[in-house]
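Naming follows writing order (A, B and C), and every chain is counted from residue 1.
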Amino acid sequence: MLTMTGICALVAVSVLFFILGYFVYNGGVSINWDFFTKLPVPVGETGGGMANAIVGSAKLLLLASLIGVPVGFFGGIYLAEFSGNKVAFVVRYAADLLNGVPSIVIGIFAFALVVHPFKRFSTIAGAFALGLMMIPITLRNTEEFLHGVPRALREGSMALGAGKWTTIMRVVVPAAYRGIMTAILLALARVAGETAPLLFTALGNQYWSPGWNQPTASLPVVIYNYALSPYEDWHRQAWAAGLVLLGLILMVNIVARVILSRGIAVPRS
Amino acid sequence: MKRIAGMLVVVLALGGMVWAQSALLINGAGATFPAPIYSKWFDQYHKANGSQFNYQSVGSGAGIKQVTEGTVDFGASDGPMNDDQIKAYRTKNGAGILHFPTVLGAVVPTYNIPGVSGALNFTPEALSGIFLGRISKWNDPAIAGANKGVNLPGNDIVVIHRSDGSGTTYIWTDYLSKVNSDWKDKVGKGASVNWPVGLGGKGNEGVTGLIKQTPNAIGYVELIYAAQNKVPYGVVKNASGAFVKADLASVTEAAAAAVKTMPEDFRVSITNAPGKTAYPISSFTWLLIPEKFKDTAKRDAIKGFVKWAITDGQGDVEGLSYAKLPKEIVEKELKAINKIQ
Amino acid sequence: MATSSINVPSAGPVAGWRSFLSKLRSGDEIARLITFLFAASVVLITLLLIYELWIDSALPRHKFGLSFFFTRIWDPIAENFGALPFIYGTLVTAGVALALAVPLGIGAAIFLAELAPQKLSDPLQFFIDLLAAVPSVIYGLLGVFIVIPMMRQWIQPALKSSLGFLPLFQGPAYGVGFFTAGIVLAIMVIPYIISVSREVLLSVPRDQREAALALGSTRWESTWKIVVPFARTGIMGSIFLAMARALGETVAVSMVIGNTPTISSSLLSPGYSIAAVIANEFAEATGDMHTAALIELGLVLFLLTFILNGLARLLMLLTTQRGSGTAQA
């Protein structure tokens, strides 16, 4: 029985290494300077790169954080420091609900709210969808890490005459800083790979996307489109892009978890 | 507090960087049928002129919808908008929408049959039977009868069609409706139909990809997709009874009859055209351009592009296996461009 | 619960207003208000989402009513829409995924929680957590280029020749289909089952195990007969969680399922799922009815995941109560 369950665990873990290995093998050969700096070439021709998709994804994540992080951070502060139990329950429930919404439905919502009224596909529409997905993660984690800060710190600060807000911003939050930062990183890593919500919000773009109000290319969507195409060159580029995306997400996850495990004793997320 | 302020400054600075305005960006979406030539045209036009045309090849259905909703500046489709769709556009936008044919193309039956690398002969009965699900094996007499000497295996046929709203589907089903009354009754013509059998692929690209990877598959794609990806495609029996291969001459011949009878709005079907050497599954493909533009810069850029595409741009089309527009039609279009305001 | 600023003893509305103003002047009340607004926005946005889904699906709800769930036809031209093929595909692929992932996942969780030494268990769990972070489109890529050819060339023919008498494994070997999608989904949900089950198993109080061992059972017996049944509600919860994840999965599934609205008893048949059809058709749904029908499908999916997640949380709650209750006993 030990061996059987051990094999189960081994199979599960080896899948990860298999995936990584396959991507390194297939995608590694196509990673070159062109890939990072050039724009895509016309359909059917070979060459070109994914510079606009990489920058597009970065922009989407930046804008998504502007939406997702403040709501999650300040909302979490409210839950941990100010609220009563009933309100906290309702907010937590809503956040969990939002977390469980399938990403394609979030895409529909973002389309109805941002694309349709303003009559254009845009980076901000895609960022809105991604930001919504970040909110529950940042909210719950901020609340948990703030809860984990010992009462003594708060009481000590207030005993010294600091007001509540000062206590929160100067004492409690810095104490929970590590946990909150890693939560934000994990939230970013989670939405960085999302494709479905971007399909009809950010759409796609052959060129650079100026500003935040135009459609934009993004790594996951480009991988999706290239994988489904018949062109060998596009397949090659899809592997490379997949390697970049996978590598970045895994790296962020590893860094975040290592930081978490070394931090002050805080509850697991 | 300082930390937050610092972070805010960094964020704003980065935001400013990405804010940088560049050349005029025009967004379009639609048919995958002409995507290779559009993609090449937009690239060349950008190099010559500077304006950027971002064309998303998402299928004719999406092109029609998005241009009607106003979420893109122009659309593209190989199935012309029907009267209801044109009315819907007018209701939503207060003005009309114009069709501009850009190239002529062909839809070919492509397949992946183990052991068969040449061009098979397909009769209209065979094609409709296969796609209706009535002919299920490759060595069925309906197919074998026209292909004496070819060793067709007894394998099950895997039918592949489009999963998205497609002008290519429109052309294919338009043809099948004309040659088979059963098809017309049971399935009909349209960009998205209720397929009796088959797997769905996304875009001409997806269908070609699926065919390449699936043995015993048959599907329908625009000629250039089969040619570029070296997938064998068949010849089809036309209305005059001859088996015709899709190429520049046979597609141009299919359009010849339409030249004289071309309606004002350029919406015409040339499938199953008369003519001894006409390829029966040919079609125009159209750019869908709104009649009225709020943004004059975009309007002028689009007008300039259309003018270029139907004149100078035609020099590129044959290299990608599309046929040039007949001269008479180009002249009519140049006049029609002035309708765009 | 921390206290707010000093309360001014009040007498009557004027004094109440004055005290409010004085609280307002202190930064704390503003801070409380602002953070409250952020927290409230989460609730508002969630409500707005549900509202939008409800309102935008009004057309087909009024036209088709409940028959929407039982109609097999999906015909955009005739504007006749039925959700059955998509609900079927979503449930079948999730079912296949769970059938594959649950035994493997629980087995692995038992190993990690009970049988493996800590030094092995923690790093392995770390890798499992990383597996959970792999995005969907990566699985999609692997599905298209590895799983589909494998299915078509080896696995599906093998299933057909050995188990082909069952209606489950009949029909041509396309490579794509319900089974393929189920396999890809199984890989995606295994980490969730492992992580949650492992935590639940770890939280089973020590005295349960020790009592069993004291009575002479082997390690395995105490695990399988005492600990696992004790944790079974939590493990059920993890299964519901995994199912909810599998239901909502869009991109990986749409790349391997075949995109054909079919209901078939064969697992080798191509099919369609709710999320996949929305992804493929939403951008091009001409006609308000078509778009609204897709949104109604989105509403259905939302409700399914909502119920499953709710059940999962309930079961988790029951597990923790049980654990703490027994520990005190």
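Annotations for the structure displayed:
In this section, contacts are C-beta pairs under 8 Å (C-beta built on N, C-alpha and C of every residue); 3 or more make two chains touch, one makes a residue touch a chain.
Because the structure is predicted, anything quoted here is derived from the model rather than measured.
Relative to the C-alpha centre of subunit A, the farthest chain centre belongs to B.
More C-beta pairs touch across the A-C interface than across any other pair of chains.
Centre-to-centre separation of subunit A and subunit B, using mean CA positions: 36 Å. Put simply, the C-alpha centre of subunit B and that of subunit C have 38 angstrom between them. Per-chain CA centroids place subunit A at a distance of 18 Å from subunit C.
In subunit C, the residues touching two or more other chains are 283. Each of the following residues of subunit B touches two or more other chains: 201-202. Among all residues of subunit A, those that touch two or more other chains are 228. Residues 1, 11, 14-15, 18-22, 25, 27, 29, 35-36, 39-40, 42-43, 46, 52, 54-57, 69-72, 201-203, 205-206, 208-209, 212, 224-225, 228-229, 231, 320 of subunit B are the ones touching subunit A in the complex.
If you check the complex, the residues on subunit A that touch subunit B are 41-44, 55, 59, 62, 66, 115-116, 119-121, 169, 203-212, 214-215, 225, 228-231. Residues of subunit C that touch subunit B in their complex: 73-78, 148-149, 152, 172, 174-176, 258-260, 270, 280-281, 283-286. Residues 1-2, 4-9, 11-13, 15-17, 19, 22-23, 70-71, 73-75, 77-79, 81-84, 87, 90-91, 94-98, 100-109, 111-113, 132, 135-136, 139, 154, 158, 163-166, 168, 189-190, 192-196, 199-200, 220, 223-224, 227-228, 235, 238-239, 242, 245-246, 249-250, 253-254, 257 of subunit A are the ones touching subunit C in the complex. Taken together, the subunit C residues at the contact with subunit A in this complex read 1-2, 4-5, 26-28, 31-32, 34-36, 38-43, 45-49, 52-53, 56, 103-108, 110-112, 115-116, 124, 126-131, 133-138, 140-142, 144-146, 187, 190-191, 194, 220, 224, 244, 247-251, 255, 275, 278-279, 282-283, 294-295, 298, 301-302, 305-306, 309, 313.
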